[in-house]
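The chains carry the letters A, B and C, assigned in the order they are written, with residues numbered from 1 in each.
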């Protein structure tokens, strides 16, 4: 179980919507999938995340939901990592802390576009078979069967463990942690904290582990709309409107809207 | 010197995916002009003539096609192997991929194999004279935009949100260099086996997750006019929403109420017919990507919030829009 | 001095809030207007230990500290005060006396059921002629063989319509034939345990507050809580604890009302600008936020004292007095900020306004709280 944190590089704090809890909602679905697999097939679940010390909260929540162990990768050297760097570091931590793990689950695809890339890149880094957007998981022997919905195609895939799966938000609605679970998560379990040194990552290794992208500038999305005004007779205005915007509408609804030849003449 | 190349990955499995590929080809043509590069569409699969023709007529200078029965269904793994080889052979400057479900799984893995950077779900692409791709992507939950660059690694890669760019109109007099490449020998069997797949049924709409919303206010005049919004919503696979006065007038049920005391919507496209824009309604609009408002009063708040403000009688314009759409929509 | 919430307290708040917003927010207005007790949500809450907040693990509870318990009630009440009321009465005044005063046998029989929420608890002191004056209870319990026979009427019993176990205050006579009050553990299945109509109240309408009637209701003698004549002692100790819960509930109402008003003030345009930019509204918001913060710290201070095993009755009364008056003031200002819409049932804020009012009345009126506080202050030799 890998969680990805919404983390504000400017202030150095976790950005969190208290209403949604501490853990990224997508990761909660992955955690739920892990719990259900454990209930069905038996397993030990390790939750792992990378972030500032406050990221411990996310791991406590995972423990409260039912994780057996938790690992926090925390080092100022690693702050500001892009998905490329994050996936490299996570891979190294997984190889060190959970060698021989059978299945890695990550949250997939949220409305928040920051969170979709680490899972697939981690699969590459670990060189394991992988599938995104899983809605249902089954295991028989070493074979993992995945049902998923991609671009409106329903697919059933099979692969051998170890594998990496990103879990869709459509299924595996996460359970709430009980208060007893929350209490135990603080009382009973130690969280392993790894820094860059423990992972054997030095500043000199920026080429292998460093970020590939750089954020040049962050700015507020302009609220100012272009505000095109269309006037004139309603019949012409409707045609004029569609001439200008039918492609945009078509792209959204997935239906072709085209000006037919005879309509043009 | 070898000509620089901007690549667009041909994602074509359904209408939506095809559209974004064409949109990316259009943007690549603009970018290529700035750095004297060519636009190359890469398409992998089986029975690809339709796509080769389509990419050519929408602006690609070169098509790299690998057409083989083995590739009949989408396989992320096979596509990764083939793309990685092609990129290593030919060294493109830029690779653009649609931010479809497929693209957002495929692109991060390809970037990782190529040890290069990738930005996600871009809503803007620009290029500096020395060829640095400036990728504008939503950040911090979508409230902010970030300009992202990949300075020291090539190719520069981005996935791009569908609908961001406008495709170049179809022109079947255009030509391209088509390179039909063989399937490499010893293509390993994919570790992920596709057991079965089928096209999924359309997802059921609810107001809260509707991508298209058609909202109406008292400006629709009467209940009969208001009911015509249903027809527009049907044509656009959307849902109908209503303001408070409309619900109170009994033109629509309370379920359709959009606003502070009703549903909160976040459509990609919002049509707002005869709505003045009182806060009791607009507070429920979230961030609609594209707002079209129709109102007789150009000074109405809703008209000022709109991307497109149509000054007209809402009921009248609705009739014309429905008539015009029926001519143009191909299911 | 630690005034910042710990990581655990933050997580308990976040967890409760996400539950309340997902499960209660969509129904809060409807269950209020239709007077529906949301059994299916309560069912989910059972599994998450909402009914065993501070009950020891040995009995199936979560064994939370008092501040955690207050946070849970606050967060529930921020969204739906009527459900917050159900939880705080169950934990604060029905379960708590068991933890403090029950015999090992009574604990073993009742605590697991109460902690799992498979039995919902109620606490019943108030009668038609016994409100603030708890000594005027008229319900009687007369010894007959191995039973006590209960007769009388209790009113305004929170959870009354659904409770499985109720703690009933009744008059007993001492061996010296002196009248004194005692507390009995009464199961709703006992013959002669009758429920009255649900009260049609101004607020907290989703909670089945009702009367209970006892008509020759036999209660086994082993169901006497504490000793004969312990009624006043148990009552006072329980009310001290219950006040923490009502304070937390009032705080949640205030917080919810303020958030609603702040959101509205940002959105509502008058004079071509959001009303939040008007100084008058800003003054309201500043006062609301300041009072809520002060109320919260006062409550947590009382919780800390309780967990440290120190006397906390005076501080619990201060917290209850202040939190409830803040809830009333803040919810009233929140209605004011909403203008005419605030007076409409279409908006949540009027519900906060109605729910807030009773927090100044039940679990000891504000007048009683002042009496308790004044007595405590006056009895100290050095201030």
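As a convention for this text, contacts are C-beta pairs under 8 Å (C-beta built on N, C-alpha and C of every residue); 3 or more make two chains touch, one makes a residue touch a chain.
Here the structure is a predicted model, which means the values were calculated and not measured.
Asker: Taking each chain's centre as the average of its Cα atoms, which is closest to the average over all protein Cα atoms shown?
Answerer: Chain nearest the centroid of all protein C-alpha atoms: A.
Asker: Between B-C and A-B, which chain pair is linked by the larger number of C-beta contacts?
Answerer: Between A-B and B-C, contacts are more numerous in A-B.
Asker: Compare the CA centroid of chain A with every other chain's and tell me the farthest one.
Answerer: That would be chain C.
Asker: When the centre of a chain is set as the mean of its C-alpha atoms, what distance in Å lies between chain A and chain C?
Answerer: 41
Asker: Using the average of all C-alpha atoms in each chain as its centre, how far is it in Å between chain B and chain C?
Answerer: Using C-alpha averages as centres, the distance is 52 Å.
Asker: Taking each chain's centre as its mean C-alpha position, how far apart are chain A and chain B in Å?
Answerer: It comes to 21 Å between the two C-alpha centres.
Asker: When you check chain A against every other chain, which residues touch at least two of them?
Answerer: none
Asker: Please give the residue numbers of chain B that touch chain C in the complex, ascending.
Answerer: 244, 260-261, 279-280, 282-283, 301
Asker: For a test of understanding, state which residues of chain B touch chain A in their complex under the given definition.
Answerer: Residue positions touching the partner: 13-17, 19-20, 23, 74, 77, 100-102, 104-109, 111-113, 115-121, 134, 137-153, 162-163, 166-167, 191-200, 211-212, 236-238, 268-269, 290-292, 298, 304-313, 316-317, 319-321, 323-325, 327-331.
Asker: Applying the document's contact rule, which stretches of chain A touch chain C when the two form their complex?
Answerer: Spelled out, the residues of chain A in touch with chain C are 16, 18-22, 56-57, 60-61, 64, 176-180, 182-183, 185-186.
Asker: Using the touch definition from the top, list the residues of chain C that touch chain A in their complex.
Answerer: It comes out as residues 7-8, 10-15, 17-19, 21, 44, 47-50, 52-53, 57, 61-64, 68, 72.
Asker: Please name which positions on chain C make contact with chain B in the complex.
Answerer: So the residues of chain C touching chain B come out as 264, 267-269, 341, 346-347.
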